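Below are structures written as structure tokens.
The two complexes that follow have subunit A in common; it is paired with subunit B in the first and with subunit C in the second.
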Partner chain A sequence: MLRPLVNIWQRYRLGRWGLLLLVLFLFLLPLPQFIAPERKLVTNSLLFSFTQMFMLVTLASNWNLTGGFTGYVDFGHAVFFGLGAYGTGVLMNKLGWPFWPAMLIGAVLAAVFALLIGWATLRLKGPYFSIAMLGTFVAMREVIRVLKPITGGGEGLTLPPYLNRPLFYYLTLILAVLVVSLIAWIRRTEFGASLIAIREDEVGAEMRGINTTLHKITAFWIAAFLTGLVGGMWAYQNTFIDPDVVFFESRTVELVMMTMLGGLGTVAGPVIGAATIYWLRDVVWANFLQYHLIVQGLLLILIVLFMPEGILGTLGDRSATSLNRIVRKWFGLTRNGTEGV
Partner chain B sequence: MPGNGKQPLLECRGVSKYFGGLAAVNNVDFVVYPGEMVGLIGPNGSGKTTLFDCLSRVQQVSSGQIFFKGVDITKKKPYQIAHMGMARTFQVIRVYRKLTVLENMLLSRQWRGESLFKQLRPTHPRTEKRARELIDFLMLSHLTDELAGNLSGGQRRLLEIGMALMPDPDLILLDEATSGVNPTLIEQIKDRIRQLNQEQGKAFLLIEHNIHFIADLCSRVFVLNYGEKLAEGTPEEIINNEAVIEAYFGT
Partner chain C sequence: MDQFLQALINGIMLGGFYGVMVLGFSVIWGVMGVINLAHGEFVMVGAYITWVLNKQFGWDPFWALIVVIPIMFVLGYVLQHILINRLVERPHLISLLVTFGLSIIIANIVKLVYTASPRVTDTALKGFWRVGGVTFPITKTYILLAALIIMVALYLFLQHTRMGKSIRAAAQNKEAARMVGIEIGKVYALTFGICIALTGAAGMLISPTQAIFPFMGPPLTLKAFAITAMSGLGSIPGALLGGIVLGLVEIFIGTYVPGVGTNLGVVSSFVLLVVVLVTRPQGLFGGLKPATEVQ
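Then we have the complex of A and B:
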């Protein structure tokens, strides 16, 4: 019975990291069954923390598809989160739709917007693309503010309140697992390899037969669709959305930071990065409330200086940083230390 | 007559490329027949690489037409031209430096107008087999898992030739395949090119400064000077051509 599974595992070269993620998933799956507030081990607030973390894992993985694989660093990725949130919010609040179709349409809205804006901005390269997307993000926030009859403007929208922590826990957990698996699968396919070729040398990739425009736009709208889904979930869970909460600048910065900490362009990187930063931020918030942004900024600087390839890159053998050499020496890692990531 | 009435593989009709007021390539006509090896020489700045860029559509031609296998490719996209069976290398080497030699080869796989949908599968074992065979053929097998960025200049040239060969093209444009390569390796590259031409009938268009390399391989040579075609003929004719000697050495 196990043989076909093992075969698939080998064919897609899922490796040790895939196994680790699977074990993690199986461990997390029954968690809500153990809620017992008095024992303080599995509480509702822990469940809520996990829900937030799963969302961040999903968002960072999506961002990684364009930012890490394709090499198009998107500083306005939260615009798709916002569109998903507002799509869901408007449909539920103004038209009285149920949650599921509203979330789906919200995500489709984000994907369609990605097709349109990507068609224009993905022609730009490097910092120009990043700035154009940042501009799109800020512009969209103002558009939402101005479209008061539909979006409620600055006053925001209230969604039908619905408190069901286990539901959101499962929803975000399953989405996170699906998205990470999807990204892992894309990474193994020829399509994913082509995205990496575009990152490494776009002109060369086009010369060697890759339809770069089509590839970039496809990666972009897939990422936008999945981000829109998370936006919709977040809106429903939060029950209230307004432009400033949804279109929050540091949301994208956080995603960039998480992906970079874990390892740009790797499958497991955003998962590790998002989890690390989420828990780290909790600690920082609890201990240095006034300075948490300073600490966060400092962290980003340290990552860029000492581990530009992220945690996974530093463990691997392709990095040439001094930290990488030290880590490899200490842990006795040899060639291909992160093979299959 | 070189073609013997066959349909040309590649044909340029009055191709020009202007950068502002500068005519980098000016009204150039030429033909490459299937299975032929043609040299393209000229002093620095004579427009050789620009002509290559026009052929592979990195640059858009200002005027004129280019036909490949009888199809007008003047307005086609670079990837479409690659799918049709034209491959090229670059004067400034373009390999994916942060990837291994094998990965570089796999990324230059064969295309026959594949849809995006068909790419949603892992690399085919056949592709990998072909990549390994070509790596062997180019004497890079000891470097299969080495990062391309760690290779020497000459090895990168070989890798780039391998990447051009991966899709099994009919015409290969080699832009200074021997610059920065040591003499023994040049001989080996020459052998490989000859072998590909004789055994598989691949056509080559070579830009070279190394006149011996051209003379050994090519049956016909074009000379560009200031973007215009100065001369055309067998290597012997070109070496003894007064106008060519003047263009290279001045008076």
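Then we have the complex of A and C:
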């Protein structure tokens, strides 16, 4: 009876990680139905934790699209999260829009901004791109603070409260599944292959007739749009936004760390990394909140120094990209600036 | 006209601070090939040491330099042995990620110890000199003076001492430096120590005029990067000029664009950075080597 299913699976080459994700999805889908006050295991706060985790899975997958596939390591990806959140917040608070169109416009805002900023910054190479994006992020926080009449400045904005945990649970779960599937699909298309080609050898890809700038910008704005959607959902769920909460430095660090832990440039890597780090954080060091960021910084250093290929790479998944491959693209085989070897 | 002159003077004074602040960043990058994203955090640590000496021991911030420089040197030397040593001669991406992690750790440790509230140090050197319609804030004048002294001292050190020459040699050609018997490992440790000491000194210079708080670092790192991209790696006159350019841009925006204050300083440095990188990737002045050559 399972045979036809297995055949379909093999025909579309969905792999074991795909199977694992499908099982997880089927398992997670009915979870809100089990909520009952007397049950200890499934509570509202558990749903909330899952919601946060799905958001992180989506964000890490988006980051991976430019950071892992194309090899442009983006240190300011949270700027699109912030634009999505603020787009949604301003439309709902100042203009009284309903949630759905506000979220959509917020995400469009993030995508348009990505088009504009990517047009300039995606021409920069290596560390210059990373830092330019970090600059975009810090600069946007200040701009939001200064634009007080629109954004509420440092005092922030309040959104109409709407406490419906199961709704956000489904919303983020479905978005996470859609995004991961989209990225798995992109990975198999010519577009995805071109992105990988850009990572491996940008000049070579260009000589093969790939319009590298167009590809990079396309990947960039798709990621920005999806991240903007998550930003909008987060803002509505949190019901309050201000520049420091939304444009929080560690938001980007988290994504980089999760993706690297799972496996840079793979489809399943960001999912595994985000889930691992989220639960580690939620369970292990939730009790030591004031040390949270210190531990996070330490973890980032340890992963980079001792596990640059991530979980998937360490497990021997050959599609996992080692950090070194990206590095080879940017910096050649030479060692930091000494010409030739 | 007075307003213009005033803005000019304020911009140059701010530029002096930026010049000192950026030196450590650009020399580390030039010599060791490490882009130190925790740079602003070292400025912050220097500022906090000054603040502790000022509040608990009643030292004047300018005297605190005597303590800040050795402490920061030791800190840099130790960090180089524990951590940074694993990053030199490895790709930039690794040093970016690791120092990013380091910056988060430092900022949060300081927050844990001293809380997030902003602090200011008091100096006896305050007040104003008036010349015509223009005022010279005394504190900032002394800061500029101290900045110039530090820069000249570093210049003399790099040009005229044996150690300084070996640092420059390591920056220009590692292999050749090794061949003539320079111990690169020692040079790196020394360079990092000296640069962190300079950076800490910059933290002292900022403490009397601006509020210091644990999360002041990232904008400073960003400005350091922008100035380095403009001035080329390890160039002292370039750092000063680049710092003054950024200081002027910041102050003029604050003076002539109403209602923004200096909040847009980061924005202006970012715009400057992208414009320079896109139009003149070799930097404006040239230093030990152009920034883009080191990739």
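Keep this in mind: the second predicted complex is superposed on the first by the 298 of 341 C-alpha atoms of A that agree within 3 Å, B and C clash if a C-alpha of one lies under 4 Å from a C-alpha of the other, contacts with A are read in each partner's own complex, and residues count from 1 in each chain.
Here is the rule we go by: contacts are C-beta pairs under 8 Å (C-beta built on N, C-alpha and C of every residue); 3 or more make two chains touch, one makes a residue touch a chain.
Not measured: the values here are computed from a predicted model.
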*Touching A:Val143, do we find subunit B (first), subunit C (second), both, or neither?*
second
*Should A:Leu134 be classified as contacting the first partner (subunit B), the second (subunit C), both, or neither?*
second
*More residues of subunit A are touched by which chain, subunit B or subunit C?*
C
*If you stack the two complexes on chain A, which partner ends up touching A:Glu155: first (subunit B), second (subunit C), both, or neither?*
neither
*asked:* After the superposition on A, what does A:Phe191 contact: first (subunit B), second (subunit C), both or neither?
replied: first
_So in the superposed three-chain picture, is A:Val304 touching just subunit B, just subunit C, both, or none of them (first/second/both/neither)?_
second
*Kindly classify A:Ala120 by the partners it touches after superposition: subunit B alone (first), subunit C alone (second), both, or neither?*
second
*asked:* Let me test your reading of the model: by the given contact rule, A:Asp282 touches which partner, first (subunit B), second (subunit C), both or neither?
replied: neither
*First (subunit B), second (subunit C), both or neither: which does A:Gln290 touch?*
second
*Following superposition on chain A, which residues of subunit A contact subunit B and also contact subunit C?*
335
_With touch defined as at the start, can you tell me which subunit A residues reach subunit C in the complex?_
73, 75, 120-121, 123-128, 130-132, 134-136, 138-139, 142-143, 145-146, 249-250, 253, 256, 260, 290-291, 293-294, 296-301, 304-305, 308, 323-324, 326-327, 330-332, 335-338
*asked:* Touching residues of subunit A toward subunit B in the complex: what are they?
replied: 11-13, 186, 188-191, 193-194, 196-197, 200-201, 203-212, 214-215, 218, 318, 335
*Hey, which residues of subunit B end up touching subunit A in the complex?*
56, 58, 77-79, 82-83, 87-88, 90, 94-99, 103, 106-109, 111, 116, 119-123, 145, 147, 163, 166-167
*Spell out the residues on subunit C that touch subunit A in their complex, using ranges where they run on.*
33, 35, 83, 86, 88-94, 96-98, 100-105, 107-109, 112, 173-175, 215, 218-219, 222, 225-226, 229, 259-260, 263-264, 266-267, 269-271, 273-274, 277-278, 289, 292-295
